[in-house]
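The chains carry the letters A, B, C and D, assigned in the order they are written, with residues numbered from 1 in each.
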Amino acid sequence: MRTYISRFFTQGPADVREFSDALAKGLITPKSIVAIIGKTEGNGGVNDFTRELAIRALSEVLAPFLDLERHQVEDHIMMSFSGGTEGVVAPHFLVIWRIQEFEAPTGPKRLAVAVARTRPFRPDEVGHLPMVAETARCVKELMQEAQVKPGDVHFVQIKGAIAPFSPGQKAEPRNNMAYSRGASAIGIALALNEIDPTKVSDEAILQDWDLFSHVASTSAKPGLERSEILLIGNSAAWSGDLMAAHRVMKDIIDIEAIRSLFVELGFTGFPLTNDERQRVVGLFAKAEADRRHLLRGIRHTMLSDDDISDTRYARCVVGTLLVALSGVSACYISTRAEHHGPLGGGPIAMIARTDE
Amino acid sequence: MRTYISRFFTQGPADVREFSDALAKGLITPKSIVAIIGKTEGNGGVNDFTRELAIRALSEVLAPFLDLERHQVEDHIMMSFSGGTEGVVAPHFLVIWRIQEFEAPTGPKRLAVAVARTRPFRPDEVGHLPMVAETARCVKELMQEAQVKPGDVHFVQIKGAIAPFSPGQKAEPRNNMAYSRGASAIGIALALNEIDPTKVSDEAILQDWDLFSHVASTSAKPGLERSEILLIGNSAAWSGDLMAAHRVMKDIIDIEAIRSLFVELGFTGFPLTNDERQRVVGLFAKAEADRRHLLRGIRHTMLSDDDISDTRYARCVVGTLLVALSGVSACYISTRAEHHGPLGGGPIAMIARTDE
Amino acid sequence: MRTYISRFFTQGPADVREFSDALAKGLITPKSIVAIIGKTEGNGGVNDFTRELAIRALSEVLAPFLDLERHQVEDHIMMSFSGGTEGVVAPHFLVIWRIQEFEAPTGPKRLAVAVARTRPFRPDEVGHLPMVAETARCVKELMQEAQVKPGDVHFVQIKGAIAPFSPGQKAEPRNNMAYSRGASAIGIALALNEIDPTKVSDEAILQDWDLFSHVASTSAKPGLERSEILLIGNSAAWSGDLMAAHRVMKDIIDIEAIRSLFVELGFTGFPLTNDERQRVVGLFAKAEADRRHLLRGIRHTMLSDDDISDTRYARCVVGTLLVALSGVSACYISTRAEHHGPLGGGPIAMIARTDE
Amino acid sequence: MRTYISRFFTQGPADVREFSDALAKGLITPKSIVAIIGKTEGNGGVNDFTRELAIRALSEVLAPFLDLERHQVEDHIMMSFSGGTEGVVAPHFLVIWRIQEFEAPTGPKRLAVAVARTRPFRPDEVGHLPMVAETARCVKELMQEAQVKPGDVHFVQIKGAIAPFSPGQKAEPRNNMAYSRGASAIGIALALNEIDPTKVSDEAILQDWDLFSHVASTSAKPGLERSEILLIGNSAAWSGDLMAAHRVMKDIIDIEAIRSLFVELGFTGFPLTNDERQRVVGLFAKAEADRRHLLRGIRHTMLSDDDISDTRYARCVVGTLLVALSGVSACYISTRAEHHGPLGGGPIAMIARTDE
């Protein structure tokens, strides 16, 4: 198998012109697409409709190529958009596709991708152990399918389930975005042996911050019945010229983690040279304003601003660092990072073309 | 002469506890203070009252030491606060004071500071050549007073005059903040021989963006009759252990400019080591979202967000870079940078203790 | 002819479920629809994509009924959405359709509607007299077509042209939203003999605030080549049970204007009774924070808040009054009201079922 | 006793010019002042420092008249400022003072005011029954002191205690603003026999929304050890020309409640006449966006906007109604109304000069 990734910068959430051209010219094989992941210029909050607009526009373009109705496309391709391009992050999306090669690869490990859906979750399962377990099961299945070992997994993107809240119905206390993200992240950590399984309990979710994944990037979408999972790793069973790596930022300005990530993929330092920059295909991060209101012992004001959400600041900070240090403004960064790296920190990952 | 700078992190705009303690203990000589410059956690806009609150609190503490009324302190000490500690910038202020030494210095150039006020400006002078000329005259006077050569000036902070707008009165079209800042910056550039004086005209202000200063940091305060100017440079006539340097960022993510600034002051790279960090006394920047809506050819969305001002994004981006790359969260960064560096870029400066 | 209006409350910008049902059940004749006008829960600003999402969703539903492609529907039906349901205004839309009756009406004047497009405008025409003239010509044509006399026009909704701004190209100084709206409004006023034609000049646009229309509601959409116009009035040539009326609010809290509007349509006072409320079909307003920063001599703070746009406050204020006094939360209110009523005031209109 | 109220509109949070003049001219007896209550143009949130600025400015002016230090004034005069003058509410404050008369009054009931402080609360008492009980005890004491019967109490303003949150210390789960306001409101209701005392329990706080006060207006201030209470009512033991009345709005647009309030104080309807308007001295309200996301069965979007807080919308809506219907823009309105009126509604009150 071989993974291909095409990147498109957009002039608005519904801008599919270049993608449409690429499809028309046969530069992308539509039926091979497994996922589209991108950033739109919304606020990233409850009333961010740019994600819906982007997915609708992409689905409309893809539907005829897939012999589907517009609304069915999402059942076949995982589409995960995050709102919020604060600061210097550019609105863009990555189209991820994979093709069966004729010959088995013999070279080094190369980028492997795979997607799956969990079984549907009941409202009372969201944020509880059943969600953790089913998420872990799916991640393991994906590793098997893609022939990726736990240590070679570099990014796991989850669009997590939560039941829509029905007025009049008894609300499940954990049927909310925070618990859904937290349970999904712990599920990933469990599948990848990142944490001690005996420490995983209902009580630990959103409580024991020492339990975390180094490669999770989970969100939650009200109304989604099944969580959607995209696994990104390296595997000897795959060929091509792409590779992934990851690190965990200890805190929101941990530039040593960024440098170390760059170095692992063969880059020399900050900022990347022009040639090096051409090799960068994807940058990913999950960020959070430290809830202790402190950064390295000094007060930050991201959480005490009632005019602007801390999520916007957190994306702006980590996005700025990744964009400025790499010189690449196509960075997928999202926020609320429960059990994603240590408190106040978060995972970062990169996909790059090899320089060999 | 010798310059001293004391830094105070704050828990709120009116937090003067530690400063008050320092005065009480005699750690700062109140009558030697020439300027206090700081960041508060306001929005940096028209309705940001945190600056007024900070100045009021500081004045109240200083008044008895200076035998003045609270409201008179501002006439004797330049107090310049900028709202907006977006992201990882910490609310703080620097108290800058200077003391006459007994012996003339014989060593290398050391930090020199001086403050002055322009003559009062009429509303029809603001944003016009008379403001440019008077600002330039004052800056030259300050260089002479402090024995600093034009090439040794590293930061010029101006709190610029604009007449208050009186309802019913004919509004002067240039009596606004943008023109006041622009004229002040060109005045600095003129005094320091940074620009060709024959190109300076009324028409050039806010029009010819090739005219700019590398060391300006100007703001404008409605109701201020005279501009207040703080000049920061190095001089052989001064002693002590502080030095300043500056660079111009070509664009908002120009980390090479930051590295070069660090190197000039004897630091080895990114991020600063723990020891190096202890030497950093002040970080200063003026930033702006590129009005062409582009960063290195790719779209940015800082100017097309009607929920959040571009000034907040610009401060967050440059503040993040300076704080993350130095490891020092006390960074004075302000926005709207007309004629401060090239379009989309801006000046940065640092004051550090020498390592000798 | 007879006008029908169907109202749909929405659960999100793309919510077309009930509308879709109504079409499926044959309750609305798709080919008779002339306009859809509505409110979405966006910010009403440059980065409000909820309008695009709503129009896309509606177009997708309508396309098969009209034998059109999704993107062609807008060429046949005027769709005008305004973002911003601040406070108690409910997201909703009105579908306006008209049907040829067999017999000529013999009763009193009834609601008449008509839509048209201007010729395309060049960038240098936007905000200038050619736009005024062509808008006026179209409005007159619409009055003739619909057999509505100038005094019987109660609301003229314009989605005005402005050329997209191309980077690199010389910007036309008036090719912006404010001038487009202003020229459109003066065009309406001219067609309806509301103003002295000798006072209309290029200089008067956005300058002479005594020139205004009592029934205009204009917006501007970057990229729109031709302005789209919906005229709403009463006419003896139309039948049915709907009637319109309008007033001008002298200022943003002019509840006497609202009462007078209600009374004209046969209502008894504030708030409407349950029965009366059933008769209300549409509420329309154009509002603005008084740019003199004063309301009846007392300061308001809508224009000096850098966190929240004055447009959001203005919509919230007038929307609150119309919704609370009528008890009907489906109110179409938009902002920026250059030459729409006196400075600080603006037009309001209502469509109601007659009680006969 | 006799109550006097002086109203001052402000040009900024620290504007005390007119108040200062009034003191200098002897128009107000400083030592008779019991409370100052006002609105500033902040955001009303955690990072609203306009309240602190206003109180500091007022205290500085009052201190010499009271032979106190600036920071001691708050111990003698209750100063309660609320941020947020959204829409048409004007920044202003009311100075409330009372003077012992020589002769006992013989006429009808007149405005009575009294202030007190509770005992200090421990963090684990905030939001619990001890806070309810002590608040009720104080309110009863105030009624006794001012000779006001429970049915004659029209407004009880509480600035409620909450312990500052210390990092590292175990957080008390109810030591937050919502629980403090809720417990204070229930305390008022208990003292005034508005609720069945057997229904009051720890569990009922922020849970049983049928328990509410009709006259409460409570806030909470982190760091305040004792709650401060201002009681406003009518009493035969007081003289003067002022009277108070109150109503409860059933929902956020309940204009019948407003009309009924106006009528009780002798006004004829909406809007007040010029003469009537002169009689209005104070308008007060507590408002909240209905947490069920519905207003009279139709969706509102105040709670699903991540850019603007629902508190700003709620204040704008109720403020608009009170200001527009009365014609008086000096309206004290604050938000978060736990146990203040029914869910989605809230108390309103007015103080007016009698027309006799």
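Remarks
Just so we're on the same page, a contact is a pair of C-beta atoms (placed from the backbone, for glycine too) under 8 Å apart; a residue touches a chain by one contact, two chains touch by 3 or more.
What you see is a predicted model, and the numbers here were worked out from it, not measured in a lab.
Using the mean of the Cα atoms as each chain's centre, the chain most removed from chain B is C.
The angle of the rotation carrying chain C onto chain D, fitted on C-alpha atoms and rounded to the nearest 5, is 180°.
Centre-to-centre separation between chain C and chain D, using Cα means, comes to 40 Å. The mean-CA centres of chain B and chain C are about 48 angstrom from one another, to the nearest whole unit.
Centre-to-centre spacing of chain B and chain D amounts to 42 Å, using the average Cα coordinate of each chain. Contacts with at least two other chains are made by residues 41, 43, 47, 301, 304-305, 307 of chain A. Listed in rising order, the residues of chain D touching chain B in the complex are 12-14, 41-42, 47, 49-50, 52-53, 56-57, 60, 70, 307. Remark: chain D residues 43-48, 167, 292-294, 301, 304-307, 309 touch chain A in the complex.
For chain B in complex with chain A, the residues that touch the partner chain are 9, 11, 41, 43, 85-88, 90-91, 252-253, 255-256, 259, 270-271, 295-296, 298-302, 304-305, 307-308, 312-313, 316-317, 320-321, 323-325, 327, 329-330.
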